[in-house]
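Same chain, two partners: chain A is paired with chain B first, then with chain C.
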Partner chain A sequence: MTTEQLHEWMKETYQLIQDNKEELSALDQEVGDGDHGTNMNRGFQAIVEELPNWAGESLATTLQKIGMTLISKVGGASGPLLGTGFMRLSTSFKNEVNWGDGLESASEGIAKRGKAEVGEATLLDVWSAVSKSVREHGLDWNRVADVSRDAMERTKELEAKRGRGALLGERSIGHLDPGAVSSDYLFQALARVMKGADDECRT
Partner chain B sequence: MKKLMNDSEQIVEEFLQGFITVHGDSLTRINGTNVITRIDKVATKVGIISGGGSGHEPAHAGYVGPGMLDAAVAGEVFTSPGADQFLAAIQAADSGSGVLLVIKNYNGDVMNAEMAQEMAEAEGIQTEMIIVNDDVAVDDPAKRRGIAGTVLVHKITGAAAEAGKSLAEVKQLGEKAIQKMRSMSVALSACTLPSSSKPSFSLATDEMEVGIGIHGEQGMERREVMRSAEIAQLLTEHTLEELDENGSYVALINGMGSTPLLEQYVFAKDVQEQLEKRKVTLKKMYVGDYMTSLDMAGVSLTLLTVDDELLQLLHARAKTTTWTEAGNDD
Partner chain C sequence: MSNVTILLLSHVEELARGASRLLSEANAEVEVIAVGGLEDGEIGTSVDCITPMIERIDEQKEILVFYDIGSAKMNAEIVQEMYPDRIIEISDAPLIEAGYVAVITAGLGSNLQEVKEKAEAGYKKGR
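After this line comes the complex of A and B, so read on.
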């Protein structure tokens, strides 16, 4: 991944979040307090606005700045969780861009910060599924997009064990986890940007 | 939904500006942050900070001042502030004796506060955290939310710090209060987020929601609306269940934002009657909007078992924009 691709990834993600802001908040109203769309939009808007100031920074430094911006601008639980994910990617990519290692480290960081496990209907389910898929099948971006979407959709059948959704207990079954949905946007955007780059290389 | 505001995205910023416009004689805002702190920083005492999402006013900025908090952080509405904001509050409150973070039990608040603690420790600032989880509406204690009882913990830890106790002692007193305190709420109508066009849930004119939190999330049970005396009985029963039947208590009656004091005092009288019926000793009652949920209508009851030590800390001198005590000796 080049820094240009990282910038594109952020812009593409912001576009998806902006387009689905209301839907994200509506999902959050079912299981939480209804502000996930607003919070994510605020965070990615801040990132996209800062991108020009980060031109010339290394990949690792840019990822670290993205992480810090998410922590300070998104707030709530999603801010520190996604922020931790990007900080871990930054550390991992300092020496070598290895998506298998980077995503695994990011998933571990998110699990630790949120004291969560896979299968508790959170954004960790999506990060972990993508990480596992890249580890087992390599960088097949179509597969990444599919795996991410499947993991996101599965949160609907699961009982939420973490976050405010957990207060609903069994009543949370039947609702998508809003954090899993926004993380899926992140990986759909990533797959799209990286696939585009692969196609360009081939032609 | 009509709201007295200019721009929903600027509402917290404009609240902070207004707050300092009014209270700038004793409080200040740290530049570039959402942290409200005391102007007259005490040279050597344990710092006490709190914070969380906005929408719970007067919590938490209203409790900054001598005898209570040294700094409070305001996040976006119902959203935990980021770790960088908690760190700024810790730095402002530290005078070399360490800082206690009083945090309500929500994943976001706890995560951001923990990250801030790690950052503060890297700077050599000693910190401890206590997590308030007074809401008995949730069965599993690990998942219990922090609600209005948090304010009593502000008062107790604030007074202990003011009295010169160490970080470990202040923490221990805060934990003692948390252990002996339970709360529960009902909503008569839901709240509406500034950024939203509709309420967080809808209640028919003859319904109420039992066991709500302070974020407009749905409660544990929906039932036909009851009279104040019946609600007092229901909440007293649930909060007392896990507490010492023979203890002495203070009770905090908290309005959720849209409940008139007229009704809150009716409810206070009903709670007093419930406690008297159970031969429970009531030492002191507090009534008012202490920890609100935007424009929600409803009330919460907090019962805290007190001994002489806790009672003395509750009565100790305090001077904040919301809570003032003359002190034991005056």
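After this line comes the complex of A and C, so read on.
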């Protein structure tokens, strides 16, 4: 991944969040406090606005700045969780851009920060599924997109165990986890940006 | 003089201010610092709003954090990691009730661990 691709990734993600802001908040009204769309929009808007100031920074430094911005700006639980994921990616990519290592470290960081486990209907389910898939099947961006979407959709069948959704107990079943949905946007955008780059190389 | 500063972390600015006013009434000599809401006044907690408060607290002082809900704790933990040289403890006990006991205990000259333990064990008695 180049820094240009990283910038593109953030812009694509912001676009998806912006387009689906109301949808995200509506999902959050079902199981949480209804501000997930606004929170994520605030965070990614701040990142996209900062991108020009980060031109010339290394990949690892840019990832770190993205992580810090998410921690500072999002305001809900997703801020520290996603922020920790990006900080972990940054540390991992400092030595070598290895998505298997990076995503695994990011998932571990998110699990630790949220004291969550896979299968509790959170954004961790998406990060962990993608990380596992890259580990087992190598870097196939089409697969990344599919695995991410499947993991996101599976949160609908699961009972929420973390965050405010957990207070609903079994009544949380049947609702998508908003954090899983926005993390799926992240991976859909990543796959799109990286696939585009692969296509360019082939022609 | 107490060596413990109580740091209150809330999602809402007014709640933080109100909590700090109430706790300071227990002992005005104990430093109580409150942070609430986001920079734009919206509901939430932000590391950016917490770190300036840590900077304001004398480096010799130990800090006991009380928070209101969920994500406030994650941000408190991030701040804890950002200041490895500072002594910062986070309590899961209720902000107001346990915070109140903490101020009283800190005012008696107890150290951080004692203040935390007394606050967590004793907050129900004060009701």
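The rule is short, and it goes like this: the second predicted complex is superposed on the first by the 203 of 203 C-alpha atoms of A that agree within 3 Å, B and C clash if a C-alpha of one lies under 4 Å from a C-alpha of the other, contacts with A are read in each partner's own complex, and residues count from 1 in each chain.
In the analysis below, contacts are C-beta pairs under 8 Å (C-beta built on N, C-alpha and C of every residue); 3 or more make two chains touch, one makes a residue touch a chain.
The shown structure was predicted, so the numbers you read here are calculated from the model rather than taken from an experiment.
Colleague: In the superposed arrangement, which partner chain does A:88 touch: chain B (first), chain C (second), both, or neither?
Modeller: The answer is neither, since A:88 touches no partner chain.
Colleague: Once the structures are superposed on A, label A:114 by its partner contacts, choosing first (chain B), second (chain C), both or neither.
Modeller: In the superposition, A:114 contacts both chain B and chain C.
Colleague: Does the superposition put A:175 against chain B (first), chain C (second), both, or neither?
Modeller: In the superposed model, A:175 contacts neither chain B nor chain C.
Colleague: With the two structures laid over each other on chain A, which partner does A:7 touch: chain B (first), chain C (second), both, or neither?
Modeller: Neither partner.
Colleague: Quick one: name whichever of chain B and chain C touches more residues of chain A.
Modeller: On the superposition, B touches more of the residues of chain A.
Colleague: Contacts for A:72 in the overlay, against chain B (first) and chain C (second): which applies, first, second, both or neither?
Modeller: both
Colleague: Under the contact rule defined above, give the chain A residues that sit at the interface with chain B and also at the interface with chain C.
Modeller: After superposing on chain A, chain A residues 35, 39, 71-77, 79-81, 113-114, 163-164 contact both chain B and chain C.
Colleague: Could you pull out which chain C residues touch chain A in their complex?
Modeller: Residues 38, 42-48, 70-71, 74-75, 77-78 of chain C touch chain A in their complex.
Colleague: Residues of chain B touching chain A in their complex?
Modeller: Those residues of chain B that touch chain A are 9, 53, 75-85, 106-108, 111-112, 114-115, 138, 143, 145, 193, 195-196, 200, 213, 215-218.
Colleague: Name, in rising order, each residue of chain A that touches chain C in their complex.
Modeller: Contacts found on chain A: 35, 39, 71-77, 79-81, 83-84, 113-114, 163-164.
Colleague: Note which residues of chain A are touching chain B in the complex, please.
Modeller: Per the touch definition, chain A meets chain B at residues 25, 29, 32-35, 38-39, 42, 68, 71-81, 113-114, 162-164, 166-168.
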